[in-house]
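Notes for the one structure printed next.
As written, the chain order gives the labels A, B, C and D, with residue 1 at the start of each chain.
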Amino acid sequence: MRNLAAVLFIGGLGFFLFVLFFRLPLGAPPLVAGAAILEEGGETVGAANLVTAVLLAYRGMDTLGELSILFAAATAVGLVLGRRQLVVSDPEGGFILRAGSDLLFPLLLVVGLYVILHGHLTPGGGFQGGVILAAAFFVPVLARPRRGLDHGLLSFVEGLAGAAFIGIGLWALFARDAFLEPLLGKGVLGHLFSAGTLPLLSMAVGLKVGAELAGLMTSLMEAEGRES
Amino acid sequence: MLPLILPVVLPLLAAFLVMPLARMSALIARALGPIVLTTSLVLLLPCCLDPPAQPLVLAIGNFAPPLGIVFYGDRLALLFANAVALFFLLFWDWRGGNPQQARQDALMLLLAASATGLALSGDLFNLYVFYELAAVASFGLVSLSGTGPALVATVRYLLVSAFGSVLALAGIALLYLQTGTLNLAQLGIDPEPLQGPAGLLAFGLMVIGFGVKAELFPLNYWVPEVYASAPARISALLAGLISKLAVLILLRLLVLVYGDTAAPQILLFLGILTIFFGEFSAWRAQDFPRMIAFSSIGQLGLVFIAFSLSGSWGVLAGIAVALHHLLVKSALFGLAHRWSGSLQALTGSAQRTPLAAALFVLFALSLIGVPPLPGFWTKILVLAGLAQEGSALAFTGLGAILLVTAVEAHYLFRFALQLYEKVENAPAGFRSFWEFLPSLLLGAALLAVTLRINPVADRLRAITQQAADRSFYITQVFPQAAAHRKDQP
Amino acid sequence: MALDFVSILYIGALGLLLLGTFGLVTTTHLFRLILALALAEAGVNLLLILSGYRGGAQPPILGFGPQDMPMVDPIPQALVLTAIVIGVGVQALAVAAAVRIYRRYGTLDLVALKAHLEGDLARKQGIAPPKSAEKPAGERPLSPVPPRPQEP
Amino acid sequence: MLETVALILVILVLSAGVLVLCLQSLMGAVVAASVVSLGVSVLFVLLRAPDVALTEAAVGAGLSTVVLALGLRKLGLWRIEGDRGEAHALVPTDRREREDA
């Protein structure tokens, strides 16, 4: 019964979508908002990477929402897994793992920061760099599980980075009467110091995402919790 | 413009800061939430009591509408934004004492911010983001007790909700593919291409997606377990407030784009199914939280039936039913805080806590629609609208509402009689009347509305007039589009 | 009909979406449901990116290719970035809850879990546990695992 | 040329997707899911979306695989027999006895 309903629903949906396919302007969509951004994005925002311009300037509110969602998820994971002092049963990694992690840590850190800071110029940005940062901090945990990560410090970084994002937005609110309007000079298109406050926002996003994901992975790893 | 942006942003800021602050001073961290919510209320209340003639429109970051995100605060949106601040203050966990208090407060604040955003945002994808934020925050809050049932209920809710989000996102992708814009007003400027099959499919997907939180029929089987295992405060907020905000998204789409299509018929059909499912399950329910959870599903079916009525009548009826349900259902869940057991175990509760039992009777009467309580007027609005419609489906809806009203009356009276039964050792119930203070306040509000039904009705008509007017919305967001329209009639 | 580039991708996106939906509706194992959800999400993300693609265009990065070439729409790309992040957040939460649930009930089968859930709720609220129609009384949903005594 | 690459990738992604749903080993299914993500991220490159491709590769193929694998490890569930009910067999025997009593 359940499967029959499923097949019917999926068949119906698939049929609809396939039939509609011939009416949809695939491959030649009506660019409305997109065309305008392509035209003026570089000048108004000053970022060469227009995706970053959309993400942090035009649709900055979405990015704030996205940060909040990740924060909510991390908070809920903490709530679900409990906050007891957990006994980590994993043994110390072998020499190769430990040496490898020592080697990887600074490399990943630099790459992560590079990706974050060049978000407005090249593909990548706060979020992608943040994932790399999280990996940088997670690899040593894999090698030496007992040392773990300081969750207090992580929540501090997380909170302050999020507050910094909103703070930059509020600064614009009071300076120009528009929340999240990019401030500071736009600089020369394509230079590192350009696009006004965008790199700062990117930095905040990167730190927040990095701290959140690192915390998430470590708490999943440590979740040796007993029955509640 | 501050009333539009700060009620969304300040709770987010506070949520980010609660946990670091809690490490320094628990007191400050605890005070942060109420302070922020009160600030929002102070900012919003003047706009709601004495609404500006023109809606507040705010382009975030000063990026002109189709490029950036727009916040649109007409009377309806401001009313809901106000209700968010008010209800979160009412159902705030004032007592505290949870070992994970900071996390819980952070999630409450995130939920408050997302709810305000849902009321105010005028951008489809931004609405989706706020909707997801509301979903994720509520997952955390529902599983607050950490017991097995709470976790299982959360996971079921999470899977249904995530599936709904995927469908809603597919709908948004289909819309974007056809129009190249996400701005609601711009979608409304030229709705004709969207009224074909592709547009209707997109609408259907979004109805299913956003219908998850609005407790609409196919995807609402998570409701009873979640409301039965979550803390009653959270159930009150989810059933009362968040479900209405999900409905608000669909209302905007209906008014701006899909008013003249088959979409209202879809809603009417789903609404009838929802109302049957909800009320008959409520009739069979054996415990108090699940009874009112199912009854909440039934009421939302009524909301959808109301919104399917054509023209501004439907909007008026829908808003009236939604506001009435917001008031009554939040209050009933406020009572569920202590009355969490089976109906049988609550027999004779009126002996110890007569005030709570009286409140229940008051809300039950309004829910059934006994005159002169507001519930009566809202039901009359819907029934009159359905009678005017005249189609076969509309008459089916009419019959359905009358039938389920009888069912509703039966189970609510049955329970009310049980409450007043004389028994030897009556259940303890509430320890003090502080425990149902929110319900008491809401009951007083209900009585106040009953006594001053005319001014309230006038206010509702003013709200509807703005909310039901497609070209009004478009003109407010795109003044130049309106001028363009006048040139070529 | 020769398949062009865009239709191939459209079919791929649709296929992923439908596969994921199929998995979501037919599976009852919690962990596999999480995976099916990821499939559906990947399909929708592809669909969204596809809605901004136009043939013969270059990535929306200034100074990346020749000056006057048309570029693809950057908005859907930003949307998908947001959607991916949301997806991973929800996924992590689901995994964490699954871990806790498995420790509590010893199963990840949603049908069994639903039975446990109703039994537990019924016990908490002091009502008769729901009778399942298809099973005889002896094989009613197992009573949930009693909480293990807390070690000091 | 572009069509051929796309076709191969789509077939790869869809078959990996089928594997996700029907592989017995959950770890295998997780790996298949990460193959799907990787394939999709290459498709994003073909669709001129380098930012998204980078994210999908980092998140879908990396982060989410790590999260799922960590979850599986915590569950002690590298492998299960069938999808329904049989998972009970994983409960320690003493606990099962208590349940059955």
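The rule we apply is simple: a residue touches a chain if its C-beta (ideal position, glycine included) is under 8 Å from a C-beta of that chain, and two chains touch if they have at least 3 such contacts.
Quantities reported herein were computed from a predicted structural model and do not represent experimental measurements.
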* Asked: For the chain pairs C-D and A-D, which is connected through the larger number of C-beta pairs in contact?
  -> C-D
* What is the chain whose Cα centre is as far as it gets from that of subunit B? -> D
* Structure fact -> Distance in whole angstrom between the CA centres of subunit A and subunit D is 21
* Once you find the CA centre of subunit C and the CA centre of subunit D, what distance in Å lies between them? -> 11
* **Centre-to-centre distance between subunit B and subunit A (centres being mean Cα positions), rounded to whole Å** => 30
* To do: With chain centres taken as the means of their Cα atoms, state the distance from subunit B to subunit C in Å.
  => 25
* What parts of subunit B, by residue number, touch at least two of the other chains? -> 125, 129, 132, 136, 139-140, 143, 146-147, 151, 174, 176-177, 180, 182
* To do: Enumerate the residues of subunit D that touch no fewer than two other chains.
  => 49-52, 55, 59, 63, 67, 70-71, 74
* Asked: On subunit A, where are the residues touching two or more other chains?
  -> 17, 26, 29, 31, 33-35, 37, 49, 51, 58-59, 62, 65-66, 69, 72-73, 76, 80, 123, 127, 216, 220, 223, 228
* Among the chains present, which pairs are found to touch? -> A-B, A-C, A-D, B-C, C-D
* Over in the complex, which subunit C residues touch subunit A? Could you list them? => 4-7, 10, 14, 18, 21-22, 25-26, 50-55, 59-64, 71, 73-79, 81-82, 85-86, 89-90, 92-93, 95-97, 99-100, 103-104, 147-148, 150-151
* Asked: What residues on subunit C touch subunit D, complex-wise?
  -> 3-5, 8-9, 11-12, 15-16, 19-20, 22-23, 27-29, 31-32, 34-36, 38-39, 42, 45-46, 49-50, 53, 57-61, 71-72, 77, 80-81, 84-85, 87-88, 91-92, 95-96, 98-99, 102, 106-109, 111-112, 142-143, 145-146
* Asked: Once bound in the complex, which stretches of subunit B touch subunit C?
  -> 125, 129, 132, 135-136, 139-140, 143, 146-149, 151-156, 158-159, 162-163, 165-166, 169-170, 172-174, 176-177, 180, 182, 225, 228-229, 286-287, 289, 340-342, 344-345
* Which residues of subunit D touch subunit C in the complex? -> 2-3, 6-7, 9-10, 13-14, 17-18, 20-21, 26, 29-30, 33, 36-37, 40, 43-44, 46-52, 55-56, 59-60, 63-64, 67-68, 70-72, 74-75, 77, 80, 83-85, 87-88, 90-92, 95, 98-100
* **Interface residues, subunit A side, partner subunit D - complex** => 49, 51-52, 123-125, 127-128, 131-132, 134-135, 138, 213, 216-217, 220-221, 223-224
